[in-house]
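After the C-alpha cells below, expect a handful of questions from me.
By written order: A, B, C, D and E. Residues from 1 in each chain.
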Amino acid sequence: MTEFLVLAALALLAIVAAGLVRVHLGPSRADRIISAQLIGTGGVAIALLLAAASADTAIIDVALVLALLAAFAAVGFIKSASRDGAGDPEETEEEA
Amino acid sequence: MTAPLPGAFPALELLIVLPLAASLLAILLGGRLAPRIVLLLGPAMLVVTAVLAFQIQTQGPVRVEIGGWEAPLGIALIGDGLAGVFLVLTAIVMTAVGVFAQKPFGSEGAETTESYTFWPLYFAMWAALNAVFCGGDLFNLYVALELLTLTAVAMVAYGSTRAALRYLLFALAGSLAYLMGIVLLYSATGTLDIELLARQDTIEATRMVSGALMTAGLLAKTALFPLHGWLPPAHGSAPAPASALLSSLVIKASFVIIVRIWFDVMPDVAGTVFVQLLSILGAGAVLYGSLLALRQTRLKMIIAYSTVAQLGYLFFIFPLAGGAAAETPWAAGAWSGGMFHALAHGLAKAAMFLAAGLVIEALGHDRIDDIKGIARALPLTMFAFGLAAVSLMGLPPSGGFLAKYLMLTAALADGQIGLALVMLAGGLLAAAYLFRPVNRALAGDYVPEVAVVTYWRQLIPLGLALLSVALGIISEPPYDLLQVGRSKVAVEGIDD
Amino acid sequence: MIALDVMTVLLVCTGLVFFVAGTAGLLRFPDFHSRLHALTKADNLGLGFIALGVAFQMTDAWSVAKLALVWMLAGLAAASVAQLVARAALDRLPDESGGEHKG
Amino acid sequence: MSGAGLDSATLFALTGAILIGIGVYGFIVHAHLLRRILAFNVIGSGIFLMFGALGFRGAGNGTDPVPQALIITGIVVALSLTALAVALLVKLAEEEGGATLPEEQPGRGEAE
Amino acid sequence: MTAALLFDAGLCLLVLVVAFSAVAGRGLFGAIAFFIIYGMLIALAWLRLEGVDVALAEAAIGAGLTGMLLIGAWSMLKQLGVSGLPGGPSVPLRIAAGAVSGLVALALAATVLALPDGREGLSPAVAESLGRSGVDNPVTAVLLNFRAYDTLLESVVLLIALIAVWSLTPRAVWGGVPGLAQHARSDGVLSMFGRLLPPLGLVVAIYLVWAGSSQPGGAFQAGTVLAAVWLLVVMAGLYDEPPASSRNLRLALVAGPGVFLAVGAVGAAFGVFMGIPEGFAKPLILSIEFALTVSIAVTLALLVAGRPRRPA
C-alpha cells in the first residue's frame, strides 16, 4: 500500500510539473498567480499521500498549514492589481 | 578550567542579561524615558565587567554551561583573557557613546523616530557584542552576529539608505558563507562547541574547506581589503555615535570569531598559503586604506578609510603568531600586540568619530576645507582628536605605539622585513592623513562662530583618547589579563 | 482490511484523474477565465477524493477530522481566490494580456 | 546514510549544493535588489536542506534533532534579514526612484 | 524502496527546475510566483527527510510569509514604477557568475561526498537527555531547553528586526499606522474570506503550540500562522493595523522575549543561567511557548506590514 501511495505522489509531482509550464508561459500575471495557488493544492495532496505512506499523522499538520497559507500570496496579488494597491476588485465605483 | 563556584557572582551571564533586559525595557518605555536607561546601565555594566576581569585574572578562564547542559548538547560561554579584554573595551566605549548620544537621540519634545528606535538598537548591539566576545558555540556566534548586523545596518540607515543596503548585502553574503562553514563542520564532527572542536581530529580537507568558508564570510563582515567596499560609505554617513560604535566595536566582533577559529578551533590546520594570503590582504588594506584616506575631503570619510587601513594591522597576527609560527618565542608578543592594537584603535577611533560628531554639531558640516579655526572654537574636541591621532599613528607612549612595537619586533625577529616595512609605512601614512585635518583646524587666526556645544560632552572624546594613550603607559594589567587562558602562554616573549 | 486498501486505491486514482483533467485544462484552454474555471473545480475535487482515499488509511478519528479540515480550507481558499482573481483580471483584460510580454 | 551510495539523504544533500550554486548565480548576476534578496533566500534554503540531509539517519529514525532546531532558528533569522532588506529597498525606491545599487546598473528600473 | 527513491529523485529535479526559474526567470513577478512554489516543494522535501518540524516552519515562513513579503514589496515597487529592469545582465557577467556558482556547487558537493558515513550527530545525546527536558518532542527540547539561549537570541533578533524597520520611518509619520489603508467591499468575497478563515487559523495555531511539546509544532510555526491570518484580516479591510506608538502593542511585542529572559535570569540567580528546573519544566516551557507565540505573531504581522506610513 505504501508503494502505491508513493507512486501516486510521484504522479501528482508530474502533474505539478506540467502545471509549472503555465506559470512560465502564462501571458498575464493572473495566470501565474492562479497556477501557483492551484499547484499549492497539488502540494497539499502530495503531503496527504506522504502522511498516509509514512503513517505519520503529524504530516497532516503540514498539509493543514500549506492549505491555510496557500491563498495569501494570491490575496497579495489581488491587492496589488487594484488601483491604489490596497483595494478590492469587487468594489463598485462608490467605494473605490 | 575552573567552573564558577556556585556562590560566585554570575558576572558573565549578567553581561548578556542586562543589555537584553535594557533593550526590551527601552521598547516598552518609549522615546522619552529610554535615553535615561543608559545612565543606570552604563555604570552597572562597568562594575560587572570589572568583577569579571577580576574573576578571570584570579580564578583563570570562566566557563558557563548554559542551562546546566554540558558541551556537546548545550551552549557554553567562555570568559578567557581575550573575551575579558574585549568585554572591557565594549563596556567603556558603549557607556561613553551612550552618554554622548543623550542629545542627538534624546527626545526633548514628543517621541521621534530616532529617539524611540535608537535605544533598543543600541542596547541590543551591546548584548550582541558581549554574546559574540564570550560565545563558545559557533552557531550561537552566528545568531549573535546576525543580531549585531541588524542593529548596525539599522544605525547606518539613519544616515543613508543606500549605504545601509550595500552594507546589508555584504553582510548577507558573509553570513551565508559562515553558515555554510558551520554546516560542514557540524556534519563532520558532530559538535559546534569551540573547546570540543579543538580536540576533534577529522579529515583535514573538510576542516580546511569549512574554515575557508567561515573565514571568507567573516572577512566580508570585518571589511578586510578587498571586501571593504561597504565600510567607508556606511561609517562615513552614519550619525557620529553610530559610526563610533561601528568602527571601534562592530567590525572587531567578526575579527574575534576569526581569531577563535584559527587559534582555538583549528590551530594546526592553517597552512602557509592561507597565512600568507591573510598577511598580503592585511598589507593591502593598510596601504590602500591609507592612500584613499589622504584623498578624502570630509573628516568622517578620512576616519572611515583610516578604519579600513588600521584593520590591516589586526591580520598581521596570522603570519607572526598563527599556523607554523605558533611555536616561535615571539608568537605570544605578536598576538598580544595585535590585540593591543584592536584595543587602542577601538578607543582612539571612538574618540575621533565623537569629536567629528561635535565638529558637525558646531559647524553643520565636516568638510576639511571649511573647518579653519575650529580648534579655537572647540579646543577640547580638537585636542581629543589630536590625542587620538597620536595613538593611531603609534607615537610613544600611546597604546598604539606599544601594539606596533610588539608586532614590529616580532616581524623583525621573524625576518619578515616586508611586513615590518608595511607597518612603518602605515604609521607614516596615518600621520599624513591625520595631520591634514588637524592642520586645517589650527589654521587661520579668527574664531569661527559655532553652534553651542555643551562643555561636558567634549570631555567624552577626550576621556576615550586619554584612555587610548594610557593603554601604552599602564599596559601591565591588560597584558596579563590577555594572557589568561591563551593556548600558548607567553613563556619568554620579546617584552618579558 | 483489503477493502480499505481497495477503497483508497480507487479514490486516489479518481483524484489523480481529476488533477490530470484540471492541469490539461490549464495548459490547453485559450484564455484566462476558461482556464480558471477548469482548474479550480477539477483540482479541488481531486484533492477531496485523495483526502477521502487517505482517510481510509488513518487509524484515529482525529486524523480524519484534520483531513476534512484540510479539504475544507483548501476549497474555501481556492473558491475565494478564484472569484477575486477572476474579477481582478476582468477589469484589466484588454491591456492585461496584451501588453504583458515581460510578465 | 552511506556517503557514496545514492540514497535519499545524499540526493537531497547534493540538491542542496546545486541550489546554493543556483542562488549564488542569481545573487551575482542580478542588479535588481528584489531578485538578489530572492536569490539570498534560495541560497539559505539550500544550505539548510544540505544541513538536514547530512543529519538524516536512515528512514524510520528521522533527522538529527539538533540540526532541525538550528535550521528553524536559521529560517527565522533569514526572514528577519529579508524583511529588513525589503524595507530598505522600498525606502530606497521611494527616495531615489531606483531599485539597484548604481555602481552595477546605472539605468533606473523603468515602469513595467 | 525504489518508489521512494524515484519520488525523491523527481522531487529534487523539480526543486532544481523551479529554483532555476525563480532565480533566472525573465519577469520579476514570475520569479516570485516560482519562489512561492519553490518554498512549498522544499517543505515537501523536508517531509521526505522526516524533519516535520522544519517542514512546518518552511511551509509557514518560507512559502507563506516570505512570499507575502516579496509580493508586498513587488506591489510597492510597481506603484513607484521600479518593479523591473530594462536590460538583463550582460553575457560576460552571466558566464562569470555561472562559472563561480558552478565552482561553489562542485566544491560543496565534493565535500559532502567526502564526509564519512554512519555519523550519529547529536541525536543519541538528545535522546538520552530527553527525559530530563520536560517535553517529548526532541526538536522542542533542543529549542527550548538544551539550546534555549539560541532561541532567546533569535526571538530578540526578530523583535530588533521590527525596530530596525520602524527606524526607517520619516519623522512626520512616526507613531503612525503601518502599511496602506486597506479597503474592501463589505459584503464581497474578500471580506467573507477574511471573516471565515481567522477562526480556523486561530484553532490551528493553538493546536500547533499545544502539540509542540509532544509532536511537531511550536511557537514559531504557530506564531507565523497567526501573523498570516491577522494580515488577511487587515487586507480584507475588517481591522486596521495598530499604530506603532500604541502601549499594549509594545507590551505584546516584548512579552515573549521578556518571559524567556525572566526565566533565564531567575536561573542565573540560582547559579545556572537559562536553567529550567526539571520539576516543573513542562509548564514553564509551555508558558514560554505561549508568550513567544503571541510576540512572534505580532512581530511578524507588523514586519510584513512594513514601516508606519499613515498618521495614527
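Quick notes
By our rule, a residue touches a chain if its C-beta (ideal position, glycine included) is under 8 Å from a C-beta of that chain, and two chains touch if they have at least 3 such contacts.
Owing to the predicted nature of the structure, the values given are computational and were not obtained by experimental measurement.
Path length between subunit A and subunit D in the chain contact graph, taken as the least number of steps between touching chains: 2. Annotation of subunit B and subunit D: jointly contacted by E, touch as defined at the top.
When you average the Cα atoms of each chain and compare centres, the chain farthest from subunit E turns out to be B.
A count of contacting C-beta pairs for A-C and for C-E identifies A-C as the more extensively joined pair. Centre-to-centre separation of subunit B and subunit E, using mean CA positions: 32 Å.
The distance from the centre of subunit D to the centre of subunit E, each centre being the mean of the chain's C-alpha atoms, comes to 13 Å. The distance from the centre of subunit A to the centre of subunit E, each centre being the mean of the chain's C-alpha atoms, comes to 18 Å.
One simple way to say how far apart two chains are is to compare their mean CA positions; for subunit C and subunit D this gives 29 Å. Chain contacts: subunit D has residues 20, 50, 54-55, 66-67, 70, 73, 77, 80-81, 84, 88-89, 91, 112 touching two or more partner chains.
Among the residues of subunit E, those touching two or more other chains are numbered 4, 29-30, 32, 48, 50, 72, 74, 76, 78, 84, 108, 112, 114-116, 119-122, 126, 146-147, 150, 154, 157, 160-161, 164, 168, 189-190, 193, 197, 200.
Looking at subunit A, residues 26, 29, 32-33, 35, 61, 64, 68, 71, 75, 77-78, 88, 90 sit in touch with two or more other chains.
Contact between chains, as defined at the top, is found for A-C, A-E, B-D, B-E, C-E, D-E.
Residues of subunit A touching subunit E in their complex: 3, 6-7, 9-10, 13-14, 16-17, 20, 23-24, 26, 29, 32-33, 35-36, 39-40, 43, 46-47, 50, 54, 56, 58-59, 61-62, 64-66, 68-69, 71-73, 75-80, 84-88, 90-92, 95.
The part of subunit E that touches subunit C in the complex is made up of residues 26-27, 29-30, 84, 189-190, 192-193, 196-197, 200. Contacts from subunit D toward subunit B in the complex involve residues 20, 27, 33, 36, 40, 43-44, 47, 50-51, 54-55, 66-67, 70, 73-74, 77, 80-81, 84-85, 88-89, 91-92, 95-96, 101. In the complex of the two chains, the subunit B residues touching subunit D come out as 73, 139, 142-143, 146, 149-150, 153-154, 157, 161-162, 164-166, 168-169, 172-173, 175-176, 179-180, 183, 186-187. On subunit C, the positions that touch subunit A within their shared complex are 5, 8-9, 12-13, 15-16, 19-20, 22-23, 26-27, 32, 35-36, 39-40, 43-44, 46-47, 50-51, 54, 57-58, 60, 62-63, 66-67, 69-70, 73-74, 77-78, 80-82, 84-85, 87-92, 96-97, 100, 103.
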